[in-house]
Structure formats: structure tokens, C-alpha cells
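What follows is chain A paired twice: with chain B in the first complex and chain C in the second.
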Partner chain A sequence: MTRHDRFGGFAFVLPFVGFYSFLLILPFFMGLWISLHRADLFGARKWVGLDNYVRLFGDPVFYQAMGTTFTLALLIVPALTVITLLLALALNRATRSAAIFRGLFFSSSVLSVTIVTLIWRFVLTPDAGLIAKVFTAVGLEPIPFLSHPDWTIPAIAITTIWWGLGLPMMLFLAGLQQIPQDMYEAAALDRASRWTTFFRITLPSLRRTTILVVMLQTAAQLQIFGQAQLLTSGGPSGSSRPIVLYIYEIAFGRWELGYAVAAAEVLFLLVLVLTLAQYWLSTRKEDAIR
Partner chain B sequence: MKRSRFLLAMAAVFTLASCERVDDRPTLVIQRFFGECGAVYGRSIDVGKADTECGILTTILNRFIAENRDINVKVNVVAWPGYPQLAAQIAAGDPPDLVTMHQSVISDYQGRGLLAPLDQYLAEAGIDTDDLTLAGQRGAVKDGRYYAMPWDTIGRLWHINTDLMAKAGLMANGKPVLPNSPDELLEHARRFKAATGKPYLIQAQVSAPDYLVANLYTYLLAQDVQMFPDGRHIRLNTPQAREIVQLYKTLNTEKLTTIAQDFPAATASFVNGEGGIFPTGTWMIGPYDDAARASDSRLGGYAMLPFPRLWGNSAAFVDGHAWVVPADERTPEERRAITRFLKFAAQYNADWVRTGHLPALRAVLDAPSFRAQPHRSDIAAMAATGRQLPDYVQRQSAIQGLIGEELEAAVTGLKPIDRALADAERRVNELLAQI
Partner chain C sequence: MASLSLIDVHKRYGSTAVLDGVSLEMEKKEFIAFLGPSGSGKSTLLRIIAGLETADSGEVWLDGRRIDGLTPGDRGVALVFQQYALYPHMTVRENMAFGLRNAKVPASEITTRIEQAARTLEIDQLLDRKPGQLSGGQRQRVAIGRAIVKAPKLFLLDEPLSNLDAALRNRTRVELAQLRQRVDAAVIMVTHDQAEAMTLADRIVVMSDRSIQQVGTPMEIYDRPANRFVAGFVGSPAMTMLPVTLDPSGNADAIVRLGNGTLIATQIKREELTGETSFDLGLRPESVTVAAVGAGTLDAEAVIVERLGDRTLVYARLDDGSEITAVDRGDSKLHMGDRLGLLIDGRSAHLFGSDGSGYHAEQTI
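Right after this comes the complex of A and B.
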């Protein structure tokens, strides 16, 4: 590669790297700097060193919020991955009904979080919601989905799964359509059963798509915010407050910008480490095969 | 060649289109919450015919614009309560000129030097601060100066289904009989449930951390308990607080109240006659009165009264809405525009309180037209007895959130009362230490 070629390559990536650095890398380091201060939203800064981090790691509400966040991610990511894979398998055919259902299942994804939570509030609201009415009509005690600590997290998870079906389903559909048809023909000639075909051909061929879906969803669900804020406000007693809602409350309700940014930096590192770990774990086997 | 001529022509068109006449009028940016109702009231200037907070305020602003053509008025409607947006605007150095603000929030901005003192503005607007109600004065004065023009006082009341109260034998001379002690409250509640099969209280306890806090504050203020000895500390784990929380826990445990309801569900329950008393805001008087008068009403009779005196004196924890002016450099013309708006808004205080709020002006409070409105004479005393937290207490909204969360845990049995109050005290003190 000549020097001229190298220069051309840099010229192509420079605009992206410039924007990326300006919008992500620079704010990350500015955030690190602010997190070392007692700071508010209006420019007040007082150097406190690592105090914000020390406070954070001694704050029971931070651990509660982290616990809620991981629980939500554990409930949502595997379920969403399996459900969307099954949907993609069912709808991977060139019929009109399949096209209609693909559109139908994708439609929830185009709604804003406000509309999604409004819909699910109508369904889940204790006492007056759709499910509560059905339970009352058959003489059962309504389930307090939005007011009992045992039910609020599942309620947020269900809402999120319904909302998030679209993109992973489309990714799986795209992945399925890239599997060469002759592999299935060869399997048919070998009289492989449907299960064998699925486990030996389809699933391994979707390996990279599955890794992508799991990584995207993990990163997204660790940053869950709107559904919790609008459905339960993080309650009751903070039991459904994810970490991003906690960060928002600290920054905009309490004006403790330094402390909020410290929590945000910790969250960023966690998302980064988890995503890299997932990637490493899922590609390790692939490397070994090569 | 043709293409470049076309592009040049388009550029010229865009350049000319972007030119507009220079507007040399002073600009007044008014930022408010209370919702958006432009579809109904967008062009109305008939304030007397408007209804609801949003409708009345929209028509007041429309009328101000119509009568003050020499001011370039821009109205920003923000989602309730709009403080994150205001904070971002101030941080960006682009604050509005007038903002609706809860009186409990004023200390946050005033303490940080983000609000302009209004003594001079009020004097120039011809508003004598002695004409303001006591509750209004308490809400607007910080460090001895006016930082807001109070516009109303809002508090919580006991909204009562008198039909069900009569069934339970809790009416006398056409008026509801309210308890005078915590024990009597429990006795009434049990009697009510036995007679009607319905809960005595309807409470919006879901997604409403401020609900329990308002009850706690009310009864602590009634006993003259000094919750905030200074601006850095709260004293909450006290015998008085434990007793109040225990009462609400007992109501939950014995199912003498609704439990799993948010505000819309609780309102629906009350309007449908599914419980006796709904302690909620002054702003619901109108809707409940209308519901009770409807021909197909299931609410039956309706009355409302201030919180009963269970401990100490008659007192109510109140808040209020106010107009504030974020600190900024302004020309004399802009200052005069602000003054004119404050004067105009004060003139329409009587219309504003048709929402159910209590007026901030004594003259409006004493006016026969105010007293003639449904139930207003029953609650007028709150304009004098209504109490707020001391003016040095900042982050009151965040503090309510923290305490509310712990109270929620206490009354639902997730935490012992002692521990919940101790946790609330610790969390609030940590917050106050950071200011």
C-alpha cells in the first residue's frame, strides 16, 4: 500500500472519526472530569477527587438500581432473542399472510415509548386495567402489576419485549434468508429430520446474527429508562428503578451532576465490559474451529 | 450553465424569503406548564368562559397578547412540571422571561442566584404585597425578598361521598362527621366498611410518592414539629412521625383504604361511588362537583373539607403556583413588558381560581363572587392556615421523592416503620449535605 493510498483511506474515515470523537469520546472524558467534582447543572464545580465514586459504591440505592437493571436485562434479552427467532422462523416464507404478520409484529417498534407505556398502562393498571377487569369478572383478585414489588419488574419486561420485537425479528429474517438453500436440499436428500435441520443447519448459520441480537439487546436493556419512568416511576419504593432512571433523578431532580456522571461512567464501563465479554465468549469457539 | 443559473435563482429566492421585517418590539418569552389545549382555546380571549387550568391560562395569555400588540409575546408550553427543561435553558444561558413555578421549588433556583428578585417589579406593577394572602406571601418570600408573584395556594382536601357517609351514620346536620383523633379515624373507617362494604378512604398510592408525604407533612406541621432545624438537616425518625405512619399502615393492613390505585384509578373509584373519602387536591373540586350533579351520577352527594384535626392544631401542608423571572440581562423595555404581564395576571386571579385553587390576593379571597363558587367558603381558611416548609429548605421536590419512597415501603410492610424513617432521614441528610 502506497502512502497515497493510506492517505486516501484516512480521508475516508476521518469525517466519521471526527464526529465520533466529538460526540462520544470527548464527552466521555469531559464526564470523567466532571465526576471528580461536586458539580451542578449551572457550571458550579468543586474538586472532590474520587468522593463521588466512594459515595456511589456505598449507596444502597445504587446497588438496588443495578440489581433491577440486571434483572430486567436477564428477563428481557433471552426471552426477546428466543421469541424473535421463533417469529422469524414462522414468518420466513413468501406468502401474503407472512408479509402481513411481519408488518404487524414490526409495527410495535415504530411506536414511541410514551405510546407503548400508555397502551400497557391500560392493560396492566391495578384495579382499572384490562387484565384487572378480566380477573374481577371471573371472581379473582386482580394482580397489582404496577404497585407490588414482585410484579413491577415483570410488567416492565413484558412491555419492553412487546415493544422490541421488530428489529431482532428482522435481523433473524435477514440471517435466515442468507442461508444457502442447497444446504437444506442436501439435508433433505440425507433425510434429516426438521429438528436435525434446525439444530445442525439453521441455528449454526444464525450464530453471528444471534450474537449481534444478544449484544445489541444487552447494551439496550442495561440502559432501559422510559418504560420504567412512565409505567412505575421506579416504584414502589424504588423496586423497579433501573440505573438510568436513577442517574436522571440525581442529575435533574437533585442537581448533583458530578454524582450522576460518576454513576453514568460506571454504567458505561459495565456495558462495555459485558458486551466485550459476550463477544469474546461467543467468538472463542469460532476461533478454536479455525 | 442552465443548472448554475437555476441554483443561483433558488439561492436568491431562499435569501429573500429569509428576510423579514425587523421586529423592534420587546420580546417576552412566557414559559408555562398546565398542559396544551390550543385546539379548544387557541383563539379564545374570553377568559370568563374558559374552563380548566389549561383553558383559563391559555385565554389569559391570548388576551394579554391581543391587548399588548406592542410586545412580542412568545409562549412556550412545557410538559408538567417543566423544570428539567428550565434548568437546561438556564444552563445554556437562554432562560425565558416569565415562568410558572411551584412555590416549593423557588428556593432551589433562588438559592443558586438564578431568579431575579421581584420586589421592584411588583411595586411597579402596582401590586401591594400586603394584599397577598399569608400563604401566598410565605410561598414567595425567600431571604426576606419576593422572588415570585404568587398566583394561588394549592393543598389537599378530603373529598367526601356524603351518600355513603350517611349510610355509615357519619353525617350530622347535613355535614360529614370527621374524626378528631387517629383512634376515632380507625373507628369511623371500620364502621364505614361494615355499613357499606366499601373502603373508608380512597388513596392514590401508586406512582405518587408525594401523596403520603403530604399527609405526613400536614400532621407534623399541625403538631409544630420542626422537621428541618436548618437547611442541612431533617429530623424525621421521631415518635410523632412514627405514629402518623403507623396510622396509614393500619389503614392499609385492615384494607380500610384502596391500596393498588394510581390517581386515575382512584378518581374513577371516587366518582363511581366505590369509597367514602378521597384525600386529594383542591383542583378536583370542580370535576367532582360536576360529577355529583350529573343526572347519571354514581357519586351521589359530594362535600369537601380540609384535613381533619387528628393531632395538634388545624393545619395543612400547602404549595402554590407562582410567576418567577429567571435572572438575565434585560432592557428597560423588556422589564416593563414583564411588569405589565404581572399586573395583567394579578387582575385575572379571580378567573384563575375557578380552577379550584385558592387565590393569592386577599381581595379575591374575600370577594362574594369567589365565596359564591361551590364549596369555596369551606376551604377559604386554608389561605391562612396553609403552611409550607421553611424557605431555607431546598430540593423540596427531590426530598418528597426520597421520603415518599421510604413511606411507601413502611405502609406496605416492606420495611419496619423505624427503619423506613431512619433511611429517609439518612437519604435526605445526604442530599442536603451536597447542596
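Right after this comes the complex of A and C.
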């Protein structure tokens, strides 16, 4: 490769590298820098070293928010993966009704979080919500989905799952359509039952898609924010406050920018480590079967 | 007893008919090739036998059992797919075992069968690899192995050699020929390659235009093509067709007159040619040899000269513009544009009537 070629190659990636550095790498290091200060949004800075991090790891509210975040992710990611896989299996056919349902299930994804929470408020509100009306009609006490600590997290999880169905379903559909038809014909000639075909042909063929869906969803759900903010504002008494809401409240409620950024850096590392770990685990298994 | 019987099979997709009343009887252990151009319905017929498509009407019988209502797995047939359709996430061994496990064959027997087949096909070194780590030829063997271990009554091969390069194709063709001696089953192969069909099959089923054109041994198909389609499709280069009229001078055997008046004596019985007087004269290249100008049956101009080593093919143009293919010796001195004489051997000529049906000499020379 001549020096000219190498320069040409750099020229092609330069725009992306430039944007990426300016919008992601640079802010990350700026964040690290700010997290070592007591800072507010007006630019006042005072060096405090690792004080923010020490404070953070001594803050019970931080741990509570972490707990809430992980509970939400554990409720949402597996359920969302299974539900969207089942939807994709059901809708992977060339009929008009399947096309309509595909559109229908995808449509929730194009709504903004405000609309989504508004819709689910109509469903969940204890006094006049849809579910409450059904409960009252059959003589049961309505469930206080948005105000009881036991119900707020499931309510946020359900809202999120409903909102997030579209993309993973489409990824699974794309994965299903990648499986050659003659594979299924070979399985039919090999006397495979429907179950055997699903578990031995379809699922293994969707391995990469499943890994992708789980990784994307984990990264997304650890940063869950809007639904919690708009449905419950993290309440009651912080029981449904995920970590990003916690960061938001510190930064824009209490004006403690340095402290908030410290929490954000910790979250970033956490998402990075978890995603890489999933990737490593899944590719290691692939190497093992080879 | 017949091994496979097809009785009046019809199939249409929407308003397009794909198979129009196909019937066929297959002997035990017979190797049959379905030969035809794309869209002739040969693959559809294979898929109907395998159970991957359903016929609209008609019956399929295998070894005395009607199978057209059964699921593909219950029919006692094995199919080798054109693209092999190996399961990419399973090893070669698992690929071969999958069907047997589903059929609840005991594990020890599965092992025996796989090892036996693997030895036969020389893939015993590959059993723990995955299809992605195999070459095209190796995948082909695995696909055949997967069919063999099932010990089917009928093997179905869908264009088995089409994905291999030329050298490998010839080798695999020989191996397929050896293989069929070893398996105790009938074989149907779908192909559009006449060389494959001619070399491998006991009988060839020539298909075109939704139906069977001719069923016969390779030499029957070559020597006595039932109609103009078969004559043109089988044989390379294709049979030359020249318009002729029946000359009244012949006695028992027909004599025909070319456009320029040249008479050619055939050995086709005159009484078979019912009523018509205009025919197409069909000449295989080997029936037309090169002679000196003026010394042959007629003169022509060489358009293309193809040197194949052992012989030379000469594509020539007659004075009336019609084209004819002739054979010359390997060391032919002819060049493009040369004038040459052509010697036509009328004894091996064929005639085709206006409906396309073929007439042949009683005994082909």
C-alpha cells in the first residue's frame, strides 16, 4: 500500500471520525474532567478530585436507582425479546393481514414517549383508567398502578415493552427471512416435527439476531428515562426512579453538574462493560462449537 | 413390479399450467433423468414426488404404496437439494443424523450408518466439521451422504452437478455412476445438461412445455427423437434442420429433395410418411462430412470452424442461406470463408413432419 493510498483511506473515514470525536469522544473526556469538579450549569468550577465519586458510592439513593434500573431491564429485555420473536414468527407470512399486523405492531415505535405515556395513563390511571373501569365493573378494587411502590415498576415495564415492540420484531422478521426455504424442506424430508424444526432449525438460525436484540435492548433499557419521568416522576418516594432520572434530577434539579456527570460516567462504563460482556460471551460460545 | 408410478399428474399455479397429465412407470433400481429446459416442469415434478408440492390431480405410487397424500418424511424418498440445504449450525455428523433421530432410529445404528456412508463417500475426515468449513464438492458429498443414510426407496437429485466447477463435475459424475451401483434404490435426477443425462441415466425423460416429450434410453433419445423438440434439444451441436419435399421417385424408402434440387436418399419407410409432402430433414453433424468442392452432395461456405482436437466442427452456409453443421478430421485445413463440399449420409437422416413428429430409418447406422 502506497502512502498515497493510505492517505486516501483516511480521507474517506475522516468525516465520520471527526463527527464521532467531536460529538462523543470529546464530551466523554470533558465529562470526566467536569466530574472531578464541583460544577454548576453556569460554568462555576471548583476542583474536588474524586470527591464526587466517593459521594456517589456512599449515596443510598444512587443504589436504589441502580436497583430500579436493573429490575426494569430484567423485566423488559427478556420479555421484549420473547414477545417480539413470537410476533415475528406469527407475522412472517406473505398475507395481507400479516402485513397489516406488522404495521400495527410497529406503529407504536414511531410515537414519542410523551404520547406513549399519555396513552398508558389512560389505561393505567386508578380513578378513570381502562383497567380500573374493567376492575370496577366486575366489582374489584382498581389497582393503583401509578402510585403504589409494588405496581409502578411493572407499569413502566409494560409501557416500555408496548413502545419498543417494533424494532426487535423487524429484526427478527429480517432474520427469519434470511433462512433459506430449502432448509425447511430438508427438515420436512428429515421428518422433523414443528417443535424440532423450531428448536433445531429456526432458533439456531436466529442466534445472531437474538444476540443483537438483547444487546441493543440492554443498552437501551439501562438508560430508560422518559417513561419513568412522565408516568410516575420516579415516585412514590423514589421507588421507580431509574438511574438516568436520578442523574437528571441532580443536574437540572439540584444544579450539581459535577456530581451528575460522575454518575453518568459510571452508567456509561456499566453499559459498555455489560454490552461487551454479552458480545464476548456469545461469540466465545460460537468459537467453542466450531 | 414398478418402483415409482406417476398417473396423470396435473399441476397449475393460478392460471399457468405447469404439468399437463404426466404419467410414468419406473423399474426397480432404475436411474432416470428428467431432462428439459428451464420451465419445462421437471423440477415441479420432482417436488411433487418428494411431497414438497401437491399435485392438483393424479396419483404417485412408490413400491406398491400410494404416497401422494403422505408427508415428505413418510414417503421413503430422499432428496439431494440443488443448493445442498445443509443445516449450517450442525456438524456433518449431526446433519446426517438429524433425519434418523427424528425417525427414532437407535443411536448405535445411526452411528453405523453414518460411518459406513462416510467411508463410501470419503468424508469420514469431515464428520466433525460444519458445512461452512467445507468446499463445494465436499458439501455435495455430505448432501448425498445425508440422503444415503436414510436408506430410501427412491433418491431424488435436483440438478446435482450444477453448482460444481467443470473438473469436479466430471469427477462427481463418475462417482454418481459408481454410487448408483451400490445403493439398492431407484434414482431420479433432474438436469438441464444432456451430457449428465446421457452418461448417468438408464432412461431419459425429456420434458418440455408442461409434459413428457419422450421416454427412452439415451441412445433411443439420440437416434430416434420422437419430435423436433427432442431432436433439437438432445445432441451437441444441435441437429441441423433443412426444409425438403418428398420426391415421387422413391420406392420403399423415401427420397427427399432439397431447396436447390439435390436429392437425398433416406432409409425411412415411405409408407410411414402419411399424406404430407413437406418435411424438415434432420441431420446430426456426424451425418455430414467434408469433401472437396464439387465432390460432395452439395457445396457450401465455411462460416465458423471449431477445432476440438480429435475432430473439427464446421458450421457452413448453403447457397440458399440455410445453415448446416458438418464434421471434419481433427487436422482439417479449412478456414472461415473457404468453399467446401459436403457429403450428406442420407441413411442416418431423420424427417420431421409439420406437427413436429419424427420419422427415422428402420435401423440406424
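Everything below uses one rule, namely that the second predicted complex is superposed on the first by the 285 of 290 C-alpha atoms of A that agree within 3 Å, B and C clash if a C-alpha of one lies under 4 Å from a C-alpha of the other, contacts with A are read in each partner's own complex, and residues count from 1 in each chain.
Just so it is clear, a residue touches a chain if its C-beta (ideal position, glycine included) is under 8 Å from a C-beta of that chain, and two chains touch if they have at least 3 such contacts.
Because the structure is predicted, anything quoted here is derived from the model rather than measured.
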- prompt: Following superposition onto chain A, is the placement of chain B relative to chain C best described as a clash or a fit?
  reply: fit
- request: Based on the superposed arrangement, let me know which partner A:Trp255 touches: chain B (first), chain C (second), both, or neither?
  value: first
Message: Between chain B and chain C, which one contacts more residues of chain A in the superposed model?
response: B
Message: For A:Thr232 in the superposed arrangement: first (chain B), second (chain C), both or neither?
response: first
Message: For A:Met183 in the superposed arrangement: first (chain B), second (chain C), both or neither?
response: second
- prompt: Which partner does A:Ser147 contact after superposing on A: first (chain B), second (chain C), both, neither?
  reply: first
- prompt: So, does A:Ala174 touch the first partner chain B, the second partner chain C, both, or neither?
  reply: neither
- request: Would you sort A:Leu50 into first (chain B), second (chain C), both or neither based on which partner it touches?
  value: neither
Task: Applying the touch criterion given at the start, work out whether A:Ile115 contacts chain B, chain C, both or neither, answering first, second, both or neither.
output: neither
Task: From the overlay on chain A, compute the angle at chain A's CA centre subtended by chain B and chain C, rounding to the nearest 10 degrees.
output: 150
Task: Report the closest approach of chain B and chain C over their C-alpha atoms in the superposed model, as a whole number of Å.
output: 49
- line: So the chain A residues that chain B and chain C both touch are none
Field: Of all residues in chain A, those that touch chain B in their complex
entry: 38, 40-44, 55, 61, 125-128, 142, 144, 146-149, 232-233, 235-238, 249, 252-256, 259
- prompt: For chain B, which residues are in contact with chain A within the complex?
  reply: 83-84, 87-88, 90-91, 108, 112, 114, 205-207, 209, 258-262, 264-265, 268-269, 395, 397-398, 401, 405-406, 408-409, 412, 414-415, 427, 430-431, 434
Query: Which chain C residues qualify as touching chain A in the complex?
result: 50-52, 71-74, 77-79, 81, 83, 85-90, 98-99, 102-103, 130, 133
Query: For the complex, which residues does chain A have touching chain C?
result: 180, 182-183, 185-193, 196, 200-201, 204-205, 207, 289-290
